[in-house]
Amino acid sequence: MSLVWIVILPFAGSLCAAFVSSRARNTEAWLAGMVTLACVVMALRCYPLVATGEVVRETFQWAPGLGLAVTFRMDGFAWLFTMLVTVMGALVVLYARYYLSAQDPVARFFSFFLAFMGAMLGVVLSGNLIQLVVFWELTSLTSFMLIAYWYHRSDARRGARMALTVTAGGGLCLLGGVLVLGRIAGGYDLDTVLAAGEQVRAHAWYLPALVLIALGALTKSAQFPFHFWLPHAMAAPTPVSVYLHSATMVKAGVFLLVRLWPVLAGTDAWFWMVGSAGLCSLVLGAYMAMFQRDMKGVLAYSTISHLGLITLLLGLNSPLALIAAIFHIMSHATFKASLFMAAGMVDHETGTRDLSRLSGLYRAMPLTTALATVGAAAMAGVPLLNGFISKEMFFTETMFVSGNALTRIGLPAMAVVWGIFSVAYSLRFILQVFFGPPAGDLPRDPHEPPLWMLFPSALLVLACLVVGMIPAIAIGPYLDVAARSVLGQGTPVHSLAVWHGWNLPLIMSLVAMVAGTGLYRMLGEYQRGTTVVPLIDWLRLDGKRLFESLLETLDAWADWLLRWLSTERLQVQLLLLICAAFAAALVPLAAGGLPAGSLPLTPLEPAFAGMWLVGGVCAVAAAVQAKYHRLAALSLAGAAGLATCMTFVWFSAPDLALTQLVVEVVTIVLLLLGLRWLPRRHQSVDDARVPLRVRLRARTRRLRDLVLALIAGTGVAALSYAVMTRPAVDGISPFFIESALPLGGGRNVINVILVDFRGFDTLGEITVLGIVALTVFALLRRFRPAPESMERPVQQREQDGDGSALLRDPHALLPVGPMMLPGVVVQLLLPIAGMVAIFFLLRGHDEPGGGFVAGLIVATAVILQYMVGGTAWAESRTRIFPQYWIALGLLCAAGAGMAAWPAARPFLSALAWHGTLPLVGEMHLSTVLLFDVGVFLLVIGATVLILVALAHQSRRGHRRQEEAVPASAPAPDPAVSGTERG
Amino acid sequence: MSGVQFPLWADLLASLLLIVGATLALIGSFGLLRLSGLFARIHAPTLGATLGLGCVLLASILLASVGAHRLVLQEVLITLFMVGTAPVTAMLLMRAGMYRRREDGSRKPSRHQDTARPSTGGASPE
Amino acid sequence: MKRLSLLTLFTAMLLALWLLLNDTLEPGHWLLGAALTIAITLGTAAMRPLRARPHHLLVAVRLLGVVLVDITRSNIAVAGVILGPARRRAHSGFMKIPIDLRDPYGLAALACIITATPGTVWAGLSPDGGNLTIHVLDLQDEEAWIRTIKHRYERPLMEIFE
Amino acid sequence: MTLTLLPSALSFASIALVLAMACAAIRLLRGPSAEDRVLALDTLYINSMILVLVLGIRFDSRIYFDIALLIALFGFVGSAAMAKFLLRGEVIEP
Amino acid sequence: MTDWLPHLPVLPVVIPLVAGAAMLLLAEARRAERTVMALAATLANLVVAVMLVRMAGGALPGLWPDGVAAYRLGGWQPPFGIVMVADALSAALLLLNAVLALAALAYALARWKRMGPHFQSLFQFIVMGINGAFLAGDLFNLFVFVEVLLASSYGLALHGSGVLRIKAGLHYIVVNLAGSFVFLIGVSLIYGTSGTLNMADLALRVPRLQDGDRVLFEAGAAILGVAFLLKAGAWPLNFWLPSTYGAAAPPVAALFSIMTKVGVYALLRVGSLLGAAPLPDGGAPAPFSEPWLFGIGLATLLLGTAGMLATRQPQRLVAYCVITSAGTLLAAFGLGGAPMKSAALFYLASSVLATGAFFMLSEMVGRTRPAGAEVEEEEPLDAEAPLDPSMPDEDVGIVIPAAMAFLGMGFVACALLVTGLPPLSGFVAKFLLLSATLDIVPSAAPIETWPPAIGVLWAAVLGSSLVSVIALCKMGVRLFWNSGEIVTPRLYALEAMPVAGLLLLSVALAAGVGPAMDYLDRAGRDLSAPQIYIEAVLGKDVPTDLTDIAGGGR
Amino acid sequence: MEFVYALAIGVLTGSGVWLLLRPRTFQVIMGLTLLSYAVNLFIFGMGRLAVGRVPIIDALRQADPARYDDPVPQALVLTAIVIGFATTALFLVVLLASRGLTGTDHVEGEELEP
């Protein structure tokens, strides 16, 4: 089980760390250290097994059908990497404990640190490619958090964003690549994939898989052209840089390349893609490193360069180069981590990392100087250090490259150039910081850091020395195990020796040493004055700049897209909707043509045509008048509605006519209630004052809308004509006519459909009505009229001057003034309307009518009371709680539906009771009636609620207006205020 | 068209009533065009609403009763409702017209005022 | 006692309405109608604070006849005005009628009659209720109109409602 | 012999009523005042109601009576509301 | 007591209806009772949804052996009566809705003082509408339920008022009202030419249509499809969405995140049935046909992604996430094939959970800003010199209070879900989507021979993920790490819980992708081969216990 | 008659669409009203036009489907009328609220054009 625990433990530790008090530096460090060491121990315990060439596997099923499994798998290479991650982690924890300030909220640091370590270990130990991608992206995320640890600094935020964008983007590519690879290999299991190397390379999908995977790996390892994020990630605290940006995360990319080397390598595509990215990074990184003024900057570009070295080695398609790459992965981690630590200590003690300010620190910081010097020497490839061995291996490999002259000569040449640059920047790193005259103006007085802070660095330097001097003993067996786990049977014979005799690589090394020193001397003066990198900066080949401008371009595109592909304007949206509907309908019609109907037409009646002449003209006139003459438009639309209603009468739809009629009336009242709050609008007499351009645009728009209206009208008319002239299809309707009476128990087929056959629709429909009423109520409760419409209408102000203020007495028996006699009539109308409503309700099942019409009749009668008496009067006489009516209506209707349940019948099944009562005669009771009663109640409640809520607004407006009168003025009695105003 | 056959007298009487009623309604509506000024026009539709409607209702009663062989009086309701509700609109409209033409009912109205004086124009109050 | 009788009169009207609506005289509908009228009358009582006190129903029947005759006559007259020459249409105007009727129901009935009769429209009552303004389409003889309205309509209405 | 006048009378009546509606509609279109339009709308309702009755006779169906009844009872509400709006500036005043 | 199991398919409508109505009977001050009722109803709804999912998995063989429950309302035989149909797809969506509703309700309860009148009832009604739409087996009934959900959404979108909400609400209402007209025209045209409204019946009738009728029918179906696309939030009919969703109260917006899925569902369901018997000239009418869906989906995806990048308001960004998810879904469905459908359904579930949680979270995050403060832009690029060596690498970080830490982690989790980064279900969804595309091409077919749509979808899915990373990163940095003033918000456990719950569910979804996909595979298969659905609705083979429900007529 | 009927639908639709595309909220609500007439007529027309065939079963015609108008579109129209009414009411209130809060009756909530 230990493999799982190696991954889980850091995550668990991360969780614990998050909950420890945020400034408990020691607790946090102990926790993190213990977790890390525990992982080291667990990894060590695996070694005996791994050393024999065994692969330790632990598999948990995830979704076997999809090829997803959680597999932890450790072979030699994974073991080596695990050791790298865990040991380095332990050292960094120790270093960080001293590095981070006592005031720092270290909980966050250690929490994300451990999470990162877990993710990294997950990558290393993944035995399933999808799982690997999961952990891969987790490293991107956690590293984002770590880089942005000091997020109040803008460079930290930017660096983190850049790193995340590049690496997460690469991760997405990796996902794609892995998917394709898994498809080729027949599974995502690493062993399956590794076994399918031949098959993969021969497959038609090899290239896309390779490109996508390489994109993932190269972005992660900061390889050209994606290298630019790494220097900006240096905004992270140094312990993070030590861990992520030298030893572990950036190594994930090359780890993957090694891991998949047996599968993907060995082709020209691999050579060119991976090799050239490596070569470019190798040279470019080293070149850039020479011109950095920041110690961490030098190290960052150097890291790019060294990772380029590893990548290049991997790209060479040679097993020995692979071994060299693995070796350099380890040695680079060792010396680069120690150098980062040194840079951090210098920064920590002096307050700056500026190469041009720092000088002569060896006096104050001798130990640090020693450690840094050895580390830098390893970086430069000085003999007896591990870096030298890697470099020799690399030079050797460049010699064996086959291919054309360009590669055969170019590659060694570039290697030497790299060597020269490395020597130059390493020299500069040491000489300009630690040697020379003492610096005068450092922010702090430098002195040696605490010993425990030096300890990790010292350990690493020791490792550099040991490996550099006795490589075969110190690292040889482990390297062999790792190489064998990757290369398997094909592992070539290799030996790690310090001395290979005088050969070409050694000469190349010597050339690099000498030329590098010379180059340092040459550049010395130039570097003091500037940070400009010759060539690169002149050509403005700044990856970061490119990246940022790419992001800006992306933003600009997004804005552009939104501007051109979307709109906030309502009219345009409606236009699009209409056009879309029209276009969609046109597609089949264009193909099939509008079919001609064969149904004999109903003989034309002049009266009907005349009626629609009236209706059509009124509709058009309403459209014309709606802007400036609202009341006229309302009347005209009312006329069109009347024509619609009459059409229903004409064509055998009395129920529709009834409903349309009452709805029409209520709608008019409703719209009139709203009209009061709309702003006045006067036809602008003088159009010439409007600029011509605006007028033209308005005219164009109108023309466009007119055309669209014509098209829409024609289209809908044509569609309806086409259908109406075709014989009716033998559909579901005969059933309703045949069954309405025998099965539905009603003669009015429409009503039987509404309350029985399709009662469910009706239930939904009344719910809509109820919902709308509730919404209206809720909305109007917070309604705030426009200030200029708050005042009483001019009519009232003028008329109420003549003493008819009693109108507002809520307790009068009758309204006074012009509303008195209408009041008498309307009061009489209420019971009559109630009677008529119940008449329509009860007979709805057999004749036109039903709950809806009945409800609207009652509601209209109630509103009439409000109209003649006013809100205050009506509500002083009686309180109606429309909300309860809505509730009762819905419950009634739903109850009628549920009543069928005890009888084991489906919802809304009608239960009927037939009987004969003395005197009354035959009785027929049915849940259908209950349903209709529900509709009736709801319609009353909803309609009254809507209208009354609207009516209340003017009351509120007036009240508010009265409150607005200064408090000093005595508030007028509402009953007489009208007179006072007059 | 209904296939029911009515006795000739009923047929003729009903036809007459229908023609008279519809004609009255037409004349009334025509009055809306012929008469000038709101106050004159307001009288016109009464023709259709009273006798015009009445004739058609009588025709309806007649035919329904003949068809059902009993007296069908439901149409009376329509008359009742019409007579009861018509004044509400008329009164309000009258008052609105008077107010908007600044015609205070308490003042002695001059003859033909609504034709003599131009109305305050077609501007709706909105 | 009075209340009760009023209640029954109104209830009776509603019951008649119910039977007329249903076009039936079945006992079941009598029962149902009675129940409904009582329920509705009680339910809407609050909204109908003012009760009518009609009596002399025979007078009412006579009035109805008078009104029907007048309406028919006026229909013909107004049709003549509309279809006739332009000069016949030039006599419309407002006029005032002193009035003694005070009962709101009576006034409402008067308003209905005047408005329902073509050629005259109710145009308002003075605030003290003493003066009625009407608009007449063919206003040639104000006295004749005053006579007609006061004698033919107002007096019977006062008999009925006061 | 089945010579009946009724069909012709019905046709005449419906055409006359539609003409009446047209007259009202012209007034509705022309105004000039808002009151005129309201009056015209009211007239339209009355004419429609008569037309409904005529159609009822024509189709020999009592069903149309109900529609006419409803117009008689509530047809005035729309125009009355408009008239009140013109008179008082709002439909349901305080 | 009666056996309620046979009535299972109608309960998702009846429970919220009765609860919403009953709450109206309580006076407004009686919040406690309303809350209890709302919670009870929502929980019951959840239980029913779970039961239906189990049913669809074949857990109720006595009643519905095929896993498709057809409930005949009123006992009328389809196609005459209305039928509600719960199959694997419907049940999954019901469950999703129930979960989301519970979370949103819990979130809303935390600040019930802010609730306007009737919020609770409207909330139940919207749940009813969404449930009904997912269950509808009849086109007009679908219209009715869409209206129910729209009407309540109008109310809820306007909930709490405010200028922004009103402006957005106005547009939302007008556009959707116009959309309802389009819907009606489409449905009625379909009825006029085919003579039926039942969706299963329609599938049987379409192939038998005469030529002229077919053309008109196709026109009707196309118009209907436009209405569905509008509801689905597809470009270019989705411009109302960002403002409305961006301005709505967060629990409401959270519930809205499944509302666009009603449109998607309708497109799928009707498209599946229309495709059951392909027209002679091939495929379903335009908006239902796969190439159209694909193209529209891509455009939608593009717009959504661009919107995420361009917007500066968190909730609006989430609204664009909704559009992005709609686009991805449409494009994926447009690619066709049963595996693609089930993968897309998984994506649907994941994205609904994500956007639901994200909406609620974005409001809590919004509280970190002092009232009225705008999310400010970062300083210009040139202001910061890279690797400034004079900037000491020794600094003191900022202590993050627990509430902020929760919000931050929540934001990250939502971002992961939306962008499809691991380890949450968003990643699994993207994996499934991409993986399913590879099922379409013959293995070992050279890339050049692949349908270009696959490459386009890959580029779109991966590209939109990357852009989402950029956009969310930008937004997150602005929200949490900006230099401006940050007020540590007061969070209630009740608010945090639903968000955390939804996120945990997405974890569970990722972990349980195996069983989830087993289930969704069935849904995808049923969509591709709707015979089971049609037979369950119209078929002869009806469970014995329910003779009443099954037996035609009475 | 079908032609007149279709023409009527066309005119109502055209007027409604025109109004729907106007900038003032009142115009829009009138447009919605006209459109709802058009749509109701459209749905109704899908059952074909039938004169004198009211779908109320009577003894004379018995339950012969050929003698009655198609009831289904009628039922659909009824639902559509109600829903149309409800949404008109809602839209009215929202436009009032918008007018109150923004001070204008422009659909965009601000004065954009004359």
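Labels A, B, C, D, E and F are assigned to the chains in the order they are written; within every chain, residues are numbered from 1.
One rule holds for everything that comes next: a residue touches a chain if its C-beta (ideal position, glycine included) is under 8 Å from a C-beta of that chain, and two chains touch if they have at least 3 such contacts.
In this text, all values refer to a predicted model and were calculated from it rather than measured experimentally.
The minimal number of chain-to-chain contact steps leading from subunit A to subunit C is 1.
Common neighbours of subunit C and subunit D (chains touching each): A, B.
Of all the chains, the one whose CA centre sits at the greatest distance from that of subunit B is A.
If each chain is reduced to the average of its C-alpha atoms, the one that sits nearest the average of all protein C-alpha atoms is E. Subunit D and subunit F have Cα centroids lying 20 Å from one another.
For the pair subunit E and subunit F, the distance between mean C-alpha positions equals 30 Å.
Look at where the CA atoms of subunit A average out and do the same for subunit B: the two points lie 67 Å apart. Computed from the mean C-alpha positions, the centre of subunit A lies at a distance of 15 Å from the centre of subunit E. Contact with two or more other chains is made by residues 14, 17, 19, 21-22, 31, 34, 38, 40, 58-59, 63, 69, 73, 75, 80, 84-87, 89 of subunit D. In subunit E, the residues that touch at least two other chains are 140, 144, 147, 151, 154, 158, 161, 170-171, 174, 178, 185, 189, 191-192, 197. Counting partners per residue, subunit B has 1-2, 28, 30, 42, 44, 49, 52, 74, 77, 81, 84-88, 91-92, 95, 99, 122, 124-125 as the residues that reach two or more other chains.
Chains touching one another, given as pairs, are A-B, A-C, A-D, A-E, A-F, B-C, B-D, D-F, E-F.
Subunit D makes touch with subunit B in their complex at residues 2, 4-10, 12-14, 16-17, 19-24, 26-27, 31-36, 38-40, 42-43, 46-47, 49-50, 53-54, 56-60, 62, 65, 68-69, 72-73, 75-76, 79-80, 83-87, 89. The residues of subunit A lying in touch with subunit D in their complex are 605-607, 610-611, 613-614, 617-618, 621, 629, 631-632, 634-636, 638-639, 642, 645-646, 649-650, 654, 657-658, 661-662, 664-665, 668-669, 672-673, 675-676, 792-796, 799, 807-808, 818-819, 822, 829, 832-833, 836, 840, 847-849, 853, 857, 860, 863-864, 866-867, 870-872, 947, 950-951, 954-955, 958.
Looking at the complex, you find that subunit C touches subunit A at residues 10, 14, 17-18, 21-22, 26-28, 31-32, 36-37, 40-41, 43-44, 46-50, 104-105, 107-108, 111-112, 122, 124-125, 127.
Those residues of subunit E that touch subunit F in the complex are listed here as 140, 144, 147, 151, 154, 158, 161-163, 166-167, 169-171, 173-174, 177-178, 180-181, 184-185, 187-189, 191-192, 197. Subunit A contributes residues 568-571, 574-575, 578, 599, 601-605, 608-609, 612, 615-616, 619-620, 622-623, 626-627, 630, 633-634, 637, 640-641, 643-644, 647-648, 650-656, 659-660, 663, 666-667, 670-671, 674-675, 677-679, 681, 684, 690, 694-695, 697-698, 705-706, 708-710, 712-714, 716-721, 723-725, 728, 731-734, 736-738, 740-742, 747-750, 753-754, 758, 761-762, 765-766, 768-769, 771-773, 775-776, 779-780, 782-787, 846-848, 852, 942, 946, 949-950, 953 to its touches with subunit F in the complex.
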